[in-house]
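In the two assemblies presented below, chain A is common to both, partnered first by chain B and then by chain C.
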Partner chain A sequence: MTGLDAPILPTSIAWGLLIAFSILWVLLGWWLGRRNRTAEDHMLAGRNVGLALATATAMATWVTANTTMTAPQLALQLGVWGMLGYSLGALGLILFAPLARRIRELMPGGFTSGDFIRLRFGTFTWRVFLVVSLIYAFGWLVSMAMAGGVLINALAGIDYRVGMSVILTVCVIYTLLGGLRAVIGTDFIQTIIIIAGAAFIAWLTIDRVGFEAIHFNLMEERPELLSLLFPAAIMFLFNNLLFGVGEIFHSNVWWSRAFAFGRNVGFRAYLLGGLLWLPIPIVAGFVALATPALGINVPAADMVGPLVAAEVLGLTGAIVVFIVVFAALASSLDSLLAATSDLVTRDIYRGHIRPQASEQSQFRATKVIVVLLGLLTWLAASYRGELPIIGSLAELLYFTGAFVASAIWPIVAGLYWRRANPHGAAWSMILGSGIGLASYFLIGFYVAALVGAAVSLAVMVLSTWLAPRSFDWDRLSRDASTEEVRTA
Partner chain B sequence: MMISSTALSVIVVVATLVASLTPILLLALFIRDWKKGCLW
Partner chain C sequence: MRPILPASLLLLLLLPLAALAEPRFDDPPTDSRDGGFTLEWNAEGAVELERASGPDFDDARVIYRGGDTSSVISGLPDGEYRFRLRAEGADDWADEARVEVAHHSLARAFGFFALGGAVFLVLIVAILRGRPRD
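Presenting the complex of A and B:
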């Protein structure tokens, strides 16, 4: 029986893997980013990314440590609906496909999601949006840094803080060196590693344990996990759907890619990426259902994936999980570091502190901000036990659900609804986040996004119905170009 | 209402099959983009 009392991967092997992959990512980051000369090169990789790299980066960024570790955790806690619900997160990518095309058409020279909100809805809504977006980005960053530390500690016995620090430092270095080009290039390799690794573990679990044994033992010990009418799980399914959509629609991680992908690439890349992402949480999550059949004691729910892999495959399983999760962590951490630093550079530094900042000073600022973000993330992840909201990975992730779901309708209305009321957009985010958070504490983590999205929709529709405005779409590209010329 | 062993196995096997083929598809797209000179 495997438990957390003893590491399942020898420390020397874990250090060897950490060092080898760290060197690989840093060298690739440096090599890919060596031709970056301007902030635009650094932030948007030349604005002409092709379909293969675009699809892979969409998938890799959306396959996070949360997918590889939380999907098994949710399967263990919520059963079949847990893993199916998580896989519905793919709809976020699929539904973003037409938005990516629209974004590129409306703002061919845009940089961030903040640029769009400011030009479309004005300063007040833009500031509310920045608060929502930055809370989410920071929550996501911390949850991934925590996942890295927890995984390395559980698998190899390396101190939580040391493991977390190594992963974070590596991502900061290569993002710093290569910007979005490094992020997208490494994402391609990381996608292949993650998917091949997860599929390998799933096939071997099927082969070694078998569906009959898995099903029989679940019926004996945890029948609720096989129930198709598990109320909390069904609520979770819809909550996760809205959470995923909210995350992708508002976050600069996805907007910066929409600006960076070549003309006519965004729609196809997000659609294909979403369809190929759909099975991954099922593949990663299903192994948790094998725990009763394997007789595994699971002392911490978010460690169930690695525990099953190590039980089924021994040392090989531990190595594969270690590499997969390291790749998953890096692929999302780098994207989030790059996109959040872009948002802070453009919308806080240039938008609020130095409006006349030149291209070169923005380039420098982006790099300083990546380092500062890494440092803040490290501090929060280091002292996670002392922060009241940071419990398990899933709890932290879904804490941000209220914020992100409340941004869905302002984004959609902003892109497609000419009459959308700008102040209504701000209040739909404020009230959606507030009431969504209240439901997180009063009802449960699985309803925060659901409530946040419902309140936000009601406010957006009501405010526009009561006080409709008219907007000239051409203003988006015209005003953005004027600002760039002024800065240059 | 419980999911049957067969239904569970169909869902998981199809998902794992798609995941197994994904790296091959991505590599094929990469080679195509590379040949057409539209990787970046």
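Presenting the complex of A and C:
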């Protein structure tokens, strides 16, 4: 499946690491979540997460399989600009800092991003938003499950489906046991592993290969990767930035944290998390530029990171990469499972199926939905390379770019523009996604988010200018509180 | 003459198998707009893959030898590239592929860059104002 001839890590070591870390994450999940009694405990960790844990979870969740594996892939495909462009994803976290503060002010008792869209723009826009949000969440879940399978297959030769199934199962179990509290707690430990591991690999790559050899061989074999006038990479820069902004602004992964962080913590946590995240894709992506100097063959673009690390560092490198990427995968998969199950529980189960569901039945539903999400993800990830859009990690990820970037403006206008038009918000997502997707197929994966965001902005501004609708901001906190009292 | 006939028949029967065993590119791309693509092939053992910039393979260089069944090519400038494949140790080349790299124009690239920059600037202004707009 990966086109690779021989594995780098002995299967016995790979299984040992897999089992040891699986036990560690599950035990931590159980221990951290043992005091959860209500849906609010489970979903929002008691709404009192402090700055250190908040910063760590913001950063670790944003360091995903996509950062540790797609950043090298983009460096290999789009060169220096690809690597730097990927790091601009940090601006998504940094720009979300003021939004997190405003979200907390407007909806102190809120639960999900869907809650906000429903109360701010009404049912039609809410449903469009749910479709956009769930397509993205599912795409991200599948891409991470795929990354787990690819990693284990590339390094240890363990069958892709077996590795993918193990990683997914572990994340489902500890998210199920501990909820957001477990997710945030494990993120803290995973952050330390990720930073230390990525820095170690980059330092050893420079030490063993050297800048001169890397530069010389790139100029000889892949000169466009060093060109500052590489057209596709220039197109990619703002595309990636807007993709990152769209991912963070709309996704319940980040909204649930904005609700869960203590008062005045969100702004500083997202700002610090973004600044700490900025160098990670550069460090992780840089190693891919050493490929020609090392003379290694890359059978699949999304395997380049693990392959280079293993080539440079041998068995130690393969072990470090394995642990780092497993930590990165787990820290994001668990966050996404938790946040998506919250969104489905609140906005689909309670919003559409059982509006009178009690707190306890929502608590139970959240857990059932985590399992169902895990199963669906497993099914889709099993078809890697067999369905047109489930190709490489980057292809799948950037396919969702058109959807998420088109949600930037409904969120920003919803939070800051009193007269934003509700139907304009819905149509900005529909047209932004549609035209963004068309550009994905007609031009390339590197413009889908950019086009989606531009179309969405045009529709949002035009509709608000032509047909403004006034909104009372107090309705957000008032209506959210009334709904909670009714449920209780 | 008699022993030659069964031997010829056997050879004829084995010919398709020998052809199957030869490495073949699996649906290679014909063009690329970003200087990159993945070459995949079917082979039963180790192969040798070469790249050149012309049909006569004057400047051919080996880019891979081994048992993998695909290779990611990237960072190529505009031009026509030829690839050929054979089983490692074989004398004759088994298959060829031709890929035309024609990057997007810089005008188009900077057009998208400007569009992205404009959207980003509006976003910054909208957030930094940081207060409800009446």
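To be clear about the criterion, the second predicted complex is superposed on the first by the 483 of 488 C-alpha atoms of A that agree within 3 Å, B and C clash if a C-alpha of one lies under 4 Å from a C-alpha of the other, contacts with A are read in each partner's own complex, and residues count from 1 in each chain.
We adopt the following convention: a residue touches a chain if its C-beta (ideal position, glycine included) is under 8 Å from a C-beta of that chain, and two chains touch if they have at least 3 such contacts.
Keep in mind that this is a model prediction, so the values were computed, not measured.
> Of the partners chain B and chain C, which touch A:Val298 in the superposed model: first, second, both, neither?
Touch partner of A:Val298: chain C, not chain B.
> Who does A:Ala199 touch here: chain B (first), chain C (second), both, or neither?
Only chain B is touched by A:Ala199; chain C is not.
> Of the partners chain B and chain C, which touch A:Leu229 in the superposed model: first, second, both, neither?
both
> With the two complexes superposed on chain A, say which partner A:Val320 touches: chain B (first), chain C (second), both, or neither.
Touch status of A:Val320: no partner.
> With the two structures laid over each other on chain A, which partner does A:Ala448 touch: chain B (first), chain C (second), both, or neither?
The answer is neither, since A:Ala448 touches no partner chain.
> Return first, second, both or neither, reflecting whether A:Gly262 touches chain B, chain C, both chains, or no partner chain.
After superposing on A, A:Gly262 lies in contact with chain B but is clear of chain C.
> Given the touch rule stated above, what does A:Leu151 touch, chain B (first), chain C (second), both, or neither?
Touch status of A:Leu151: no partner.
> Could you pull out which residues of chain A sit against chain B in one structure and against chain C in the other?
Touching chain B in the first complex and chain C in the second, residues 223, 226, 229 of chain A appear in both lists.
> Using the touch definition from the top, list the residues of chain C that touch chain A in their complex.
Residues 33-36, 38, 40, 46, 63-64, 66-72, 74-77, 103-106, 108-110, 112-113, 115-120, 122-124, 126-134 of chain C touch chain A in their complex.
> So in the complex, the part of chain A that touches chain C is made up of which residues?
3-6, 76-79, 95, 98-99, 102, 218, 221-226, 229-232, 234-235, 237-239, 241-242, 245, 297-301, 304, 408, 412-413, 416-419, 443-444, 446-447, 450, 453-454, 457, 473
> Hey, which residues of chain A end up touching chain B in the complex?
For chain A paired with chain B, touching residues are 45-46, 48-53, 55-56, 59, 80, 84, 87, 181, 188, 191-192, 195-196, 198-199, 202-203, 206, 211-212, 214-216, 219, 223, 226-229, 262, 276, 278-280, 282-283, 286, 289.
> Show me the residue ranges of chain B that touch chain A in the complex, using the header's touch definition.
It is residues 1-5, 8-9, 11-16, 18-20, 22-23, 25-27, 29-30, 32-33, 38-40 of chain B that touch chain A.
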